[in-house]
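Some structures to go through are shown next.
Next come two complexes built around subunit A: one with subunit B, the other with subunit C.
For the complex of A and B:
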């Protein structure tokens, strides 16, 4: 998968999560948007739901990855901070052997 | 020992007592079968105090053999066809000495295994000279535990006469609920109706054909019955009472059952392999609040968990330490809410999902999912997650043909105002096969 593919998949998942969120709690669906942390309305439960959706979409594309495991937690900079950091993290996971 | 059951059969020899695959049998037929099976057992040697398996399809001969063995103070190990895969290990765990087999392949037969049973719990029964009953618990983890009951104590409560019903047999004789149904029905001169198969259509057919009045079942089967489309195709007007137990009832299923069967009384039952079946009373038609106990039972709630002390409790396990406290109470492991003398069963402590410190009862989430259009069944469990400890995972069976993504979107919108956000399943799987066990209990 190219970075563009991954970005498209992440943005589709964000838009999917928005469908069940209140109007004033919407997440921006842009390539540079914040995802989790200061400045984002997403709480940890919302993040878990988003990550599971991304995992499902990756599985549909033939890639079995786990996003919210201890590996993600142990990163010095959260990979979930923004769309670009999330895309980079997924790209890294897909490139490295499981 | 079983005189009061025989008296109930003698009272009206011509009435229907058992309807099974092979035919319809009167009280006199049952009485004759008890004599016939008794003679067959006696011909193979005495069985008092001996461990005897009863490997049987539910029907006239199984019931007759059960009663004949009870009258002879045998220690009975009922093994249903459904649990066939476990028979060898069950025979070994229970140290079965004699096997009685009643199935469709050949006439009833008795065989010795060559084993000699020796267990301190069996010694108690031999000293008392009372019949025993060994039941295997269907625990979700670990090996099934073999619970030994003094059958004379289980029989005691049936000496008090109650209402007779033509009863659909749903649980087999290897389940405490199945034994309870058999003894209740026989002692009150009711009739036992064995459906030819336990599908919704099979059960509806049996009710219609034999004018069944009582359907003792599980919430999972009731849900299956509701979605099966079988109800309007059969005359179920003879039904008077539906009892449900063995697992928490989803509120949404109970509401629908009450709508579909407006004239049928709905009653929750409560019990376990270890303590027997308690008398129970539901607060109202579609109420999940229940009063349990009755003569021979004491209950208490400690830290939200239900404890029961019962005269009819088992003597102990053959293959596990005693689960009773020093004063004889048994921790059911069921979490309950209390309102005066009424209880609401929330679910097993071991099933509770801890999501970031908040507790989720699978039954509540399942109940909500079952209210959604196109959801035929739902089973909810927890899954470890590095962010929140656990997440809620739902496996659903859909009749809509939606994609996973489409269903998830619809589910989140549906749950938004009905469940706290931590209870909404984060992961969803679409199931193809059934989500329930042989005993119609939801598998999570």
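For the complex of A and C:
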């Protein structure tokens, strides 16, 4: 799976999350968008839903990946801060041995 | 009520096996797991020889359920072990086994279960606790402590999954004649029953009644609750 594939999958998931959010709580669906933390309207419980959606999409694509991470809720070190950090994190997980 | 897809942990015997039987009678599709094989055979029942403390095994089971049924509507975290002993005489290895099964088992199954439940229109998690928690029963320190942890997991999980449309509650039975308490002196159990507001031995049907209440679609606003049998509070 290329980084572009992962990015597409993440952005699709973000767009899916927006479908159930109010108009003033929409997440930007762009390659450099913030996902979680200061400046993002996504709270920790919203993040859980997004990450599970991404796990599902990865599984559907044939990749069993768990996005559970001890740094998940960290404001400064979370791999889920932005679309680029999330894409890099997933790419790293896919490259690491199972 | 339409058929539900239900996973019951600790389904090989005791309360778990009885709940499986009730759900099958109700027409549900039931998955069960236990460290041993189950006596239950039914066209709508699938048993997994899985230790809930084994995260990888739980993940594999949930993936199989996902493939077979597309998801779950109900998760019953029933699997539990008890080591009734004074704390000073409880081998540390026994304590670890209790925590592994009773606490990490609930964590593992809930962690994976959320992923299977969240697309259900009526998603429910029910955990099994015990009256040993509110009664602070001597001789059951590690067991009661593990179930106190289950109650905390219940309440906090309820907050975390409520927005996904999943409720999470717990039921705490009073003594029921199952293997779990087979080694507890009968005089101790009789004394325990005697201090209940309703001083009778409970049955699996009493547990099933509370579980079914939590599972009803009308119970969508009931979450984070712990219900004890027998008037214990």
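By our rule, the second predicted complex is superposed on the first by the 90 of 98 C-alpha atoms of A that agree within 3 Å, B and C clash if a C-alpha of one lies under 4 Å from a C-alpha of the other, contacts with A are read in each partner's own complex, and residues count from 1 in each chain.
Everything that follows uses one rule, which is that contacts are C-beta pairs under 8 Å (C-beta built on N, C-alpha and C of every residue); 3 or more make two chains touch, one makes a residue touch a chain.
Since we're looking at a predicted model, the values are computed, not measured.
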| item | value |
| --- | --- |
| First (subunit B), second (subunit C), both or neither touched by A:73 | first |
| Touching partner for A:49 - first (subunit B), second (subunit C), both, neither | both |
| Dominant toucher of subunit A (residue count), subunit B or subunit C | B |
| Which superposed partner A:64 touches (first subunit B, second subunit C, both, neither) | second |
| Subunit B versus subunit C as contact partner of A:88, first or second or both or neither | neither |
| Partner chain in contact with A:19 - subunit B first, subunit C second, else both or neither | first |
| Residues of subunit A that lie at the interface with subunit B and also at the interface with subunit C | 45-46, 48-49, 52, 56, 68 |
| Subunit A to subunit C touching residues, read off their complex | 45-46, 48-49, 52, 55-56, 64, 66, 68 |
| Residues of subunit A touching subunit B in the complex | 16, 19-20, 43-49, 51-53, 56-57, 68-70, 72-73 |
| Subunit C residues touching subunit A - in the complex, by the definition given at the top | 59, 63, 111, 114-115, 118, 160, 163-164 |
| In the complex, subunit B residues that touch subunit A | 355-356, 385-388, 391, 404-405, 408-409, 412-413, 416, 421-422, 424, 426-427 |
